C-alpha cells in the first residue's frame, strides 16, 4: 500500500542574495519514508534543507507539505506544522544550558519539557542527562551534535530534516542514532529526510535516495542501489 | 555622632546610589544584554516614562498609576521602534548605534517642539523621616525597594519562565530558534518592549525627584552603560552585582571626596573591573559555574 | 627601486575601494578640483572646508580601529583632546617663533600616541575586547572630560598656560611658517587649507598603503576572527596595539588642527556627544573603507551643517530621521551603498549588452 | 529702502540649554520688530540672521565665522554658556567682529570686541550675601556647579562672607550633569549652616531643590542663577523652593510699570513662552542699547561705537530700571532685585538696589578705553598691573 | 626523536577533569591519529598543545623545548599549525584573502600569488576564490581551513576532524593529501571519527577516554581491542 505524499517540491528555486543555488529542484517524499539526499560538497544539499524549513526563502516554485503550500510560511510556522530541523554544524544555543536548549525545542508544544520526552531523549543520548546544566557552548563537538538531535526529538515532529547528523559523532553512537531513528520511524511513522556523507549510516537508515548536483536532482536511487558501492562512487565522485 | 546613625547614613547613601544605577541600567541591560542592541536612545525612553508619568499625574491620576502609565507608554513606543527600525538591524548590531542615536535626536528635539522646553514637576510624595541628626526622604527608600523588586522580577522572568529561555535562545542563534518553532519576531518585540518599559519605569520613578526637560535622559546614560557593560549579559548575575560594587565605590568616594571623585571613582572602578574580568562580571560568574 | 614600486602597488588592493586607471584619474581630478577651488571661493567657504577636513582625520582613525580592526573605540576624542590641549600648552609656553608650531603639532600628536600606547598596552595585553574595549575607552574619555572641566582654578596651570576648566583654553597661536621678514601665520583660510589638504592626501594614501600591506591583512583578519589569526602565528595584541596607536595619532592630529583652526579647545570636545559623533560619521559613510569614510564624513558634516542653517528647530529631527533611514536603507553605509549600487547597475548593463 | 543693518543671533534653541535660551531669541525678535516698526536705526531696518547653535560649542565656532565672514553682520548677539562664549570669542577677535553677550556669568571678560549686558558676581553677591547674613546668620554653605561659573562665584561668596565677618560652614562642587544629591543633602545637614548658597547650573542640577525638600532640609537658600534664569519656582511643585532668595536684574514678576509693559508685549507676541527671564530682558535691552550707540556714533563701525561707549553715558530705561554701560569693562550696571520665593512659590521683593555697578574689572585694572587685552580675568587671575 | 611530548598534562573545567595525566609522545615524521568517544578530551588536548587553554599541571615540549608557558602565536611560529573542529575561516574576507593571510608571513610578491593559485586548485576552490569565505558550504569551509593550516608549512600539523562533512571520495583524497605532506617531512596529529580515514593514514593510534590515554598501538591492534570496541567503535568495526 503506498502511503500518502507528505512533501513535494515543484520547480523549487532558492539561494542567497538573489543567486539561486537550487535550480528548479523537485522531490517527493511519502509519509513514513526515510529518504537520503546525497551529493558532493557545495551542490546545495544544506540549501535544500534550509529552504524546506524556511530559513532560505523560495524564489519560485512550491513546497507542499501535508497538502498545504508552505513556501511562504516563516520558519516557525513550518516548525509548528511538525517539521523538525537538525542543521549542519549543530547550531546549539551556546550560552544556554543543555536543559534550556531542549526546553526551546519543546516550546512548540507549550509548557515545559514533558517527562516522557525527557526520558526518551536522555535514554537515547545519556550524555545529555549527565550534562543537563552545562552550557551547550562548552560541550564537545559530538556532544553538541547529539544535543541538536535531541532538541528536535523532544517535540515529536512529524517530519525530521537531518543535515549530516553523523558529523563528529563517535562510530558506535552513529550506529545507535541510525538504529534509534529507524526504530522511531517504525514506531511513530515519522518521516525523515537525511543529508549524509556517511555511507554506512545511509545504508542503515535510508529506504531510498536522491542524488543532487548543481542544485538539481540528478538521480533517484533505490535501496538496492545504495548497497552497490560502484554505483555510489559514480554519483559521488568529484 | 553615634555609630548607628553613621551606619544608617552610609547604608542610605549606598541604597540611593544602588537604586539609581540599577534602575537606570535595567532597561538597557535587557536590550543590550539580551539582544545585543546598543540602545543610545535609552535615555529618551526614560524621558518618555517621566513625561507621561508627570502628564498623567497633572491630569489627576495618583502617582503609582501615573508611573504605570509611563512604563506602559515607553513599552508601547518600544514596540513601535522595534517594529520600524530595530527589527531590521539584528544582523548588524553595531549599526543600531547609529539608528538609536538618530532616534534619540528625534525624541529629544521632537519633545522640545511638541511639549516645550520644560515640564512642571509633580512633587515627591511621602515626606521625610529622621535618624539621629539627619532627615531623609522616604521616597528614596521606595526607590531602593523598587530596584530590588525589579531585579527580582527580571530574574524570575528570564530564568523561570519559558519566555526567558526563548528570548535568550532567539538572541543567540535566531535562525535556529525560528526553525524550532519560536516566533522570533514576537520575542524580539516583547524583549525590546520589556527593556523600553523598564526604562520608562525608571523615568516614572525618578520623575517626582527631577527636573523634567527633554534632555533629562542624558543624566542616566553614563551610569546605565557602565553598569550594564561591566555587569554583562545576565541581568541578575551581572547588573545586580555591578550595581552593588559601583554603588559602594560611588557612595564611598562621594562621601569621602565629593561628587567629582564619586564619578571619577566610578569610571576607575569600571576600568579595573574590566581589566580583572575581561568578560564582565556575569561572564566571569558564568565561566566559573560550568 | 623595486621596493619603492611595490609600495605604490599597495595603493590598491582588496581592502580599499577603487582601483585601476579610472579610479586614479578620478582621484587626480578631485584633487585638482580641491587645489583649484579656493581660487574661486570666498574666505568663509574655504575656512569652513578646512573645518570639515579637520574632522576627517579622526574619522579615518575610527575607520582604521573600528572598521578595519574591529575594535569599537569611544576614546578617539580623548586623544583628540589630549593633543589639542598639548598643542595649546606647548605653544602658549614656548611661543610660535621659528616654526615651533609645527614641532608643537608633532609633539602634541606624539603625546596622544604615547597615551594610546599605554592605554592600548593595558587593554590589548589584558585581552580586553569587544564592547568592553568601547566602555573602557569611553570611561577614559569621560574621566578626562570631567577632570578638565573642573580645572577652572588658578592652581591648574602648566607654565604660562591655564587649563581654564569647562570654558576651555584659548589664545594659542595658529600654525606659522617661518619666513624672512616674519613668520606667516596660517589662519583658517587659504594658507591652512592647503596645509591641511596636503596632510589629508598624505594620510589617505599612506593609510591605503598600510591597509593593503601584509599588516592590513592581519588587521582585518583579527577583526574577522582573532583566534584564527593568532593560530596563524600572529601576535594579535601587537597588531592591535599598533593600530590603536596609529589611530590615536590621527585623532590627535585632528585635535591639534581643530585647536589651531578655532584657537580654542574645550573639555566638551571629549564629552559623550563628541565621542559618539565620529562613530556616526564613520558608520554612515561606510566604516570598512577609507574612501567611503572620507566622503561619508564630509557629506554628513556638511549635510548636518546645512540642516542646522536651514532646518530651524527641525534640524535635529531631520538629522535623526536621516540617520535612521541611512542605516535601514544602506546597510554598509551610505557611500558604500551607493558605490555598490552603481557597480550593480554597471554589471547589469554589461550583462544586458552581452 | 535703506540697506538693512544685519544682526547675527546665535543662541541655543535646542539641546541642553534650550529651556533658558529660547526666550532670548524671542526677546531679540521682539525688540527688532519694535525698532523696525518705529523706523529702524537711522532709517535702516534691522535684519536678523539667526542660527540655532544646539547647545554645542563647535556650532558657535562654525556659525560665528559664518555670520562674520559670509553674512557680514554688523553685530552679533550670541551665547549662553561661558564655554560657548569662549569658543566664539577668538573668532570675533580674529575677524574684528562686535558681539553682545547677554547673559549673567562669572565675570572678567575684558575684550573690546564684546559688550556684556548680563549681571556679574559682584552685582549679585555684594547685595545678596550681606542681606542673607543679616537676616539668617553668619554660617554659610555653598553648593556650586563644578566649573568656571560655579568656582568663581563661590570665590566671590567666600570673599564677601569673610568681609562681613561670617564663616563658611562648607563648600561643595557638583560636576555638571549630576542629578542626584542625597550625599550633598547629608553634608549640608552635617555642617548645620544658617543658609545655603546654591549656584547650581543646568537642568540636571536643579533637581537638588526637589530632593532637598523631600529630605526636609528646610534651610533658607540664596542664589544668583536659579529662578532668574531657569524659573525653577514655576517648574517644581511647591514648596520645594520655599525661602529661596535670588538677586536678579529681571524676572517677569517684577511689578514696575516698565516691567509690566515689557511683559505684556512679550506675551502678546509669544503667548506660549513659559517664562520671561533675566536673560531675555538682557537681550531685549541690548538691542535698544545698540540702537542708541549706532545712532550716536552715526555708524555701525565698532571703533566709532566704542568711542561712544567711552564717553560713559550710554544709558537707558530698561524694563528693570535704569542701566548704563561701564566704559572700562563694557559691562553694564543693573537694578538688582532681591526675589524671595514663598511657600506657595509666589515671588515677593523684600529689597531692590538701584544702579549696582560692575566694578570689579575696572578696579582690577581692565580699562578698555586705553588698552584691549581680549582676555578673561578672575579674582585669582587678575589683569597684570600696569 | 620525539617532536612533541606531553607529560602528565591535566586540565579541569570547574569540577570536570577533562584531561587526566595525559602522556603522549609524537615521533618526528609520523602520522598519528587520536580517536576516542565524544567528550573524551581530544579537542581540549589540541587546545592545550596550541596554548589556547593552559594545563593545570604537566608539561608540553615541542622539538625539545618546553612550550608550556608560551603564547599561542609563539608556538605556531615554532612550527605548529591547526585545522579546528569548527572551521574558523575569516568569514568576511574572500577565499583568496584567507589563504593570503595564512601564506604572507612565509612568501611575498609573485611567489605568494602563485602559491595561492596552487593551493586554490588543490583545494578545489578556484571557482569560489572571490567569494566571501562565510558564504561557502560547510564542506568547502573545511577545505579552506585545511588549506590555511597547511599553508604555514608546519613541522607538526594538527587536524581536528578534517573529513567531517566530506564524502567518502573526498575523505580518501584528504587522506592522500595527508600522506603526501607526511612524505615531504611533515608530522601529523589527526583527530578523526572516520575509521576509513584512520586506517588509510595512521601509523600509530592513540585512544583517549575520559581524559586518559586508554589504548595505543597500530590501527589493527586498536580495532582488535575489545575494550575500544565497547566504548567507541561498536560492532561494525569489531
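Remarks
A, B, C, D and E label the chains in the order they appear, each numbered from 1.
Heads up, the rule we're going with is that a residue touches a chain if its C-beta (ideal position, glycine included) is under 8 Å from a C-beta of that chain, and two chains touch if they have at least 3 such contacts.
None of these values were measured; they are calculated from a predicted model.
Contacts with subunit B and subunit D are shared by C. Fewest steps needed to get from subunit C to subunit E, stepping only to touching chains, is 1.
Greatest Cα centroid separation from subunit C: this falls to A.
Subunit B and subunit E, compared by their mean Cα positions, are separated by 47 Å. Subunit A and subunit D have Cα centroids lying 75 Å from one another.
Distance between subunit A and subunit E, defined via averaged C-alpha coordinates, is recorded as 28 Å. Subunit B has residues 108-109, 112, 218, 260, 263, 290 in contact with two or more other chains.
Contact with two or more other chains is made by residues 13 of subunit E.
Residue numbers of subunit A whose C-beta contacts span two or more other chains: 138. Considering their complex, residues 162, 165-166, 168-169, 172-173, 175-184, 233, 286, 290 of subunit B touch subunit A.
Of all the residues in subunit D, the ones that touch subunit C in their complex are 13-14, 51-52, 54, 56-59, 61-62, 65-66, 69-70, 82-83, 85-87, 89-91, 94, 146-148, 151-152, 173, 175-176, 374-376, 378, 380-381. Taken in their complex, subunit C has these residues touching subunit E: 6, 14, 214, 217-218, 220-221, 223-225, 227-236. Across the complex, subunit E is touched by residues 16, 38, 40-42, 46, 88-89, 127, 138-143, 145-146, 164, 167-176, 197-200, 233, 236-238 of subunit A. Residues 14-16, 18-19, 22, 146, 172-175, 177-180, 182-184, 186-187, 189-190, 203-204, 206-207, 210-211, 213-217, 232, 234-238, 240, 272, 274 of subunit D touch subunit B in their complex.
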